[in-house]
Amino acid sequence: MLKKYLFFIMMVGLMFIFRSWDRVDIETRGYVLGIAIDEYPPMPYGQNNPGSQEASEEEKRKFESMELDINRPRYAMTIQFPIIKKATMTAASVGGGNSQGSKTWQLTQAGDSFVDMNEEITSRTDLIPYYEHLQSIIISDAVARKGLHDILDFFVRDPEMRRRVKVFISKGEAKRILDVIPKIEDYSAIYLSRLPLNAKVNSRILHETDLGELLISLHSDQDFVLPSVNATKDEIKDCGCAIFKNDRMVGWGDEIDTEVIKLIRDKSLGGIITATSPNDEDGIISLKITNVKTKITPVPQDSGYSFNIDVQIKGNLAEITNQEIHGILTEDFLKKSEMNFSMAVEERCRKVIRKIQEEYGADIFHLNTVLKAEKPAYWKRVKDQWRDIFPTVKTNVHVGIMIRQIGNSR
Amino acid sequence: MAVIKENLKPIQIMTITVSTLLGVNIFTVQHELVVIAGQDMWLSAILGGLLAYAGGLSLYYLAKLYPKSNLPEIFIQLGGKIIGRIILIPFMVYVLLYGGLSLRIFTQVTRVFLLDRTPTYAIVLLMCVVVVYVVNKNIYTISNVIDLLFPVFMGALVLFIFITLRQADIYRIEPILFENTRGVIDSIIPAYQAFSGYGIIAYILCYMQTIKKTFKWYTIGMTVTTILISASVLVTLLNFGPDEIKTMVYPFLALSKTIEFSNTLVERLEGFMVIIWIPVTFITITVFTFASVRNFVTLLSVKPKYEKFVVYAHLPLLAYIGLYSRNSLEALKYFDYTQVLATYLGLIASPALLIIALIKTRREKHA
Amino acid sequence: MARLYKRLFMNQKESNGNGNTDTKNNYNSQVISTDISKNIKDLKNAMNNSIDIISKEIMLFGADMLAAVIFINNLVNEDTINEHIIKPITRVSNSAANFTKSSFDINTIIDSVITTGSIVVVQTFDDIVHGILTGDTFLCIQGMEKGLLINTSEFKGRTIGEPLLEPSVKGPQEAFVELLKDNLGLIRKRLRDPNLTFEVHIIGRRTKGNVVLAYMKGIVNEDIVKEVRKRIQKVDTDDNVGSAQVLHLLSDNPNSVFPLIQATERPDKTVASLLEGRVAIIVEGVPRLYLVPVTLPMLIQSIDDYYENWIVGSMIRLMRYIALFISAALPALYIAMTSFHPGLLPTILALSIAGSRTGVPFPSVIEAVLMVGTLELLQEAGIRLPRTVGQTVSIVGGLVIGQAAVQAGIISPIMVIVIAITAIASFAIPDYSLGLSTRFVRIPLMFLATTFGAYGIIMGILFILGYVCSLKSFGVRYLEPVTPYRIRDMKDTLIKAPQWTFGKRPEFLNPEDTQRQIIKEKGSGSNKRKS
């Protein structure tokens, strides 16, 4: 009888020998919602962030780079903790929410290695940073221009990090993006990470640019773009993109550029196209895009290939400004509008492609992928010189528009 | 007191085969194959599955020749008491090592994704205790547990594959098979090694009531496994691309971390992977331990009364093998060695034994 | 309790091989004498001259012959005795035209005089005493060596009322009572088939209670009946009061956490089970029947599924399976999610839970253990309170205590919600014993969760699965027909298929007659039983 129970006793005993090593109560973790990476020293605080100045410049510098035995630290990492006390959803106890000020606490730490910085932070707070809920990483353009490869290893190797963390490049200092106290959200990092979701209606926002995509591009030696952000005291704006060649940033692209890039890469989810109205020189017609399909085909030329880019856009007529009150929508009008739209888009595409080719020479349209897939033999030959060939490559853009619906009024 | 005579049903061959084969391999095979075959590794996965099926057929027919004996008993019948045991020893080593090293790799994966600071020995011991407990019951209990878990993890796995297809980019695997034939052919053997465990059919065929439908279900089981492993490989390729996978240690689990439905309760679906990988590995280790127990019992001619001590002895045995390697890379290295042993056993030894058995039975028939 | 167990086990060793239930009384072979007064004196002594033993002497044939009746007055219907025994005898003897003294013997009495039910001729004291104690009347006549035991029993008991533990919305509201005759009647009137067999055994050395086996001959697998019979005959205890001991001795594995015998108080459920090929064990004095063999899916079926539309019934049944899981695993899941893996929760939810937990002095583990303990206390207390007050107090008490604890800052509101859902889920399980099992299983899962998090929970679930899969109830595996897959039988487990698909009986019980119904036209609802 005892022998049968011996097994159970052993098991139960084993269970009590084990303490729990991993158990940390949920409110004692320091959830890091956002990280901003700047050069050290971070640029002087702008005038629009009075709230975050609590200590003088000198004291802050000392705090941030305390106890470091390396000469001059290269990076300053700012992490954003939510203040747990203020984090409940019940309106009753908090009462009003935003009027009480920031629900987050930003902490800046300088150093060379991110793991080292992480450890230093634990000497300044009582919460151990926990990265599983990291929402966004913001890198200042100064750091980006030096190359992303160095700073990314921590984010890849640590198992807490997720590949869905969104990466942004900030115009200027990255820290002040985190300092924003949004009016309709609690935490600026979450507000920022949700912005790209609007890509459904806005074709000027890049949306598939998380850490995972970034790493894939880096490892497969592709040029890529990352969204760029800018901020005021309580507002963050996603304003175009930053263009990367290899792993260094080489320039900015504005919103129109972003739109074209997305069109050509077949990643457009929605958006608006405007063109001149066929009836009226001053009028503007707008098309709300519902569906975009792009097909790039390489066409053999005498030396190399040129690319036929065929964009098919389906959309709904959204707005006609400056129209006569008694104007009636006719089929003819629609046909002419379609032509106007397609001409406008083609023109835009050509301009942007030319600009990127001439100014930056970075193949952010991923024409090399198409080449590799369709003409692998040729690709194998030119693989290593692609960066030189790309600026000379000819492209042929053709845009087809189909207006599906015209809305509620004629 | 058995009111109803117990035996395994043919459909359980399928569930046992699929669950045993889908072990830790589904996490490591992507990395192994990508360094050899690049972006065509999904083709090599399919071919590896076919090769495994061919190897499995040799063991199936061997088991069919001796319908009432499991594999170690067949060896004894083939070679006599001494030679049979000599043949048995490499199989025994393989089964035991595979079980223990699967346990180790599984523990590494769990530590990385779920429990950071828990020491390895704790995780290993807990798993060993539960495995030994279940193995101590008979094969029918084990197969019942597998039957219960099968729809759960199959459903989760299929759902998972479909969800990740949303983010797929077909360009990552094109051009297909361009100048890479050599790579694909080189990687067939590693892909075949990912299907380790198809030999379990030789251990369970003796518990069937009739041999009648077993072939059909075995084929279905191997097909399903091939499809699943190839799909997992394909889906990781489509999402990450070959260059990225080269830098990853556990590509399939990293894939689970990329699923995100914003703002819903199941915002992070990686939790569902837990439902898949822990029961799957548990079943693999349990079945292999069961096979190992059978091996030991036949090798040492243990009387049925003392069989349970052999089962209990597996607890320290498994734990020791699991804790032996110093770090995760070393464990993967030993795992590779075990797979190589499996290749020899599966592709060379088993068909040879089948031929010997055929000759022997033919001779006995004529005699 | 320990003494009882000691007696149980000791007695089992002493009993002979085939475990007969012969009572070992002292007067085994003593026979009655022809002298009536001696008989009466001896019988009364045998029962220690208890006050409820009544004896009455009757003069026959003009004080020539003496007759006597002995009975226990609180077990008999005295009217029956007067009308059917005493009056006929005196009438017969008085009108000497029918009988003469010499021709007045036992057989004539049986054939012509006594006008009521079962009559047994007895001789030994053993039988007589047993008969009197079961409500028979003993009639002995001066000069005759044998006597008569006439059945006049009328036990007082409850009238048939509503089922307490298994209420149903649409089904009949009859439940079993303590009287054996009434219970058998409730079954018989619903199952008017001649193959319905009631087999009686007597167990309990001192209680000598009746245990009846009910089964449908020709449907049930004979091996099951044989096994049940064998186990009942092995029972050798002093009593079977409460029949917990009977359960203990009948079930496959008395140490099993999960119930291996199903108790029910509904006749309609019993009849349905009998028709599927199960055996019912009816113990006198217990308002509950025991149905064997039992499997886990059977324990989750509720009789209401069969009175409702099948789609709705299936959904509710699925919900019960989920409730089973929730009741066992939710507190452990809470511990694992909040303490080990907050990364698996959505960000806003994680922050909100963290915010609601600020200021709570206990770690979430202690919180969970405290609340589960409180829940168990409340449930125990709710059973003992009077029925009208019990429900209110346990629910309101729970809520109030929870609210007060939250406001005092001892536990977090999330914990209260978790515990409330757990409690409600455990009530959704139809079988009470199964509910108790899930409450028990909660605790090891919580311990595993505190040490290993989600990994521990899954390991715990796998362990429980291994345990449950190895349980057998009278030779049938506990988790049939879910495993091994029996497609045909699945129609009544996870979901409930429409009635017209129930053509055959479940095959895992290996019935001898598999055809259950033949539908002439689909949806016509006509059932024909093939005999």
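For reference, chains read A, B and C in written order, and residue numbers begin at 1 within each chain.
Here is the rule we go by: a contact is a pair of C-beta atoms (placed from the backbone, for glycine too) under 8 Å apart; a residue touches a chain by one contact, two chains touch by 3 or more.
What you are looking at is a predicted structure, and each value in this text was computed from that prediction instead of being measured.
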Min distance from chain CA centroid to global CA centroid: chain B
In terms of mean CA position, the chain most removed from subunit C is A
Per the C-alpha means, the centres of subunit A and subunit C lie apart by a whole-Å value of 67
Cα centre of subunit B to Cα centre of subunit C, whole Å, reads 46
CA centroids of subunit A and subunit B: separation to the nearest Å works out as 41
By the touch definition above, subunit C meets two or more other chains at residues 340, 343, 347, 451-453
In subunit B, the residues touching two or more other chains are 115, 118, 122, 126, 133
So subunit A residues touching two or more other chains come to 18, 20, 22
Listed in rising order, the residues of subunit A that touch subunit B in the complex are 7, 11, 14, 18, 20-22, 156, 159, 162-164, 194, 197, 212, 215-216, 219-221, 369-370, 372-374, 376-377, 380
Listed in rising order, the residues of subunit C that touch subunit B in the complex are 221, 223-224, 227, 340-341, 343-347, 349, 451-456, 458-459, 462-463, 465-466, 469-470, 474-477, 479, 482-485, 508, 510
Interface with subunit A, subunit C side, in the complex: residues 338-340, 342-343, 347-348, 350-358, 360, 363-365, 447-448, 450-453
Per the touch rule, the subunit A residues reaching subunit C in their complex are 15, 18-20, 22-27, 29, 31, 33, 82, 84-90, 130, 132-133, 135, 160, 190
Contacts from subunit B onto subunit A in the complex sit at residues 112-113, 115-119, 122, 125-126, 129, 133, 171, 174-175, 178-179, 240-241, 243-244, 246-247, 254, 257-258, 260, 262, 312
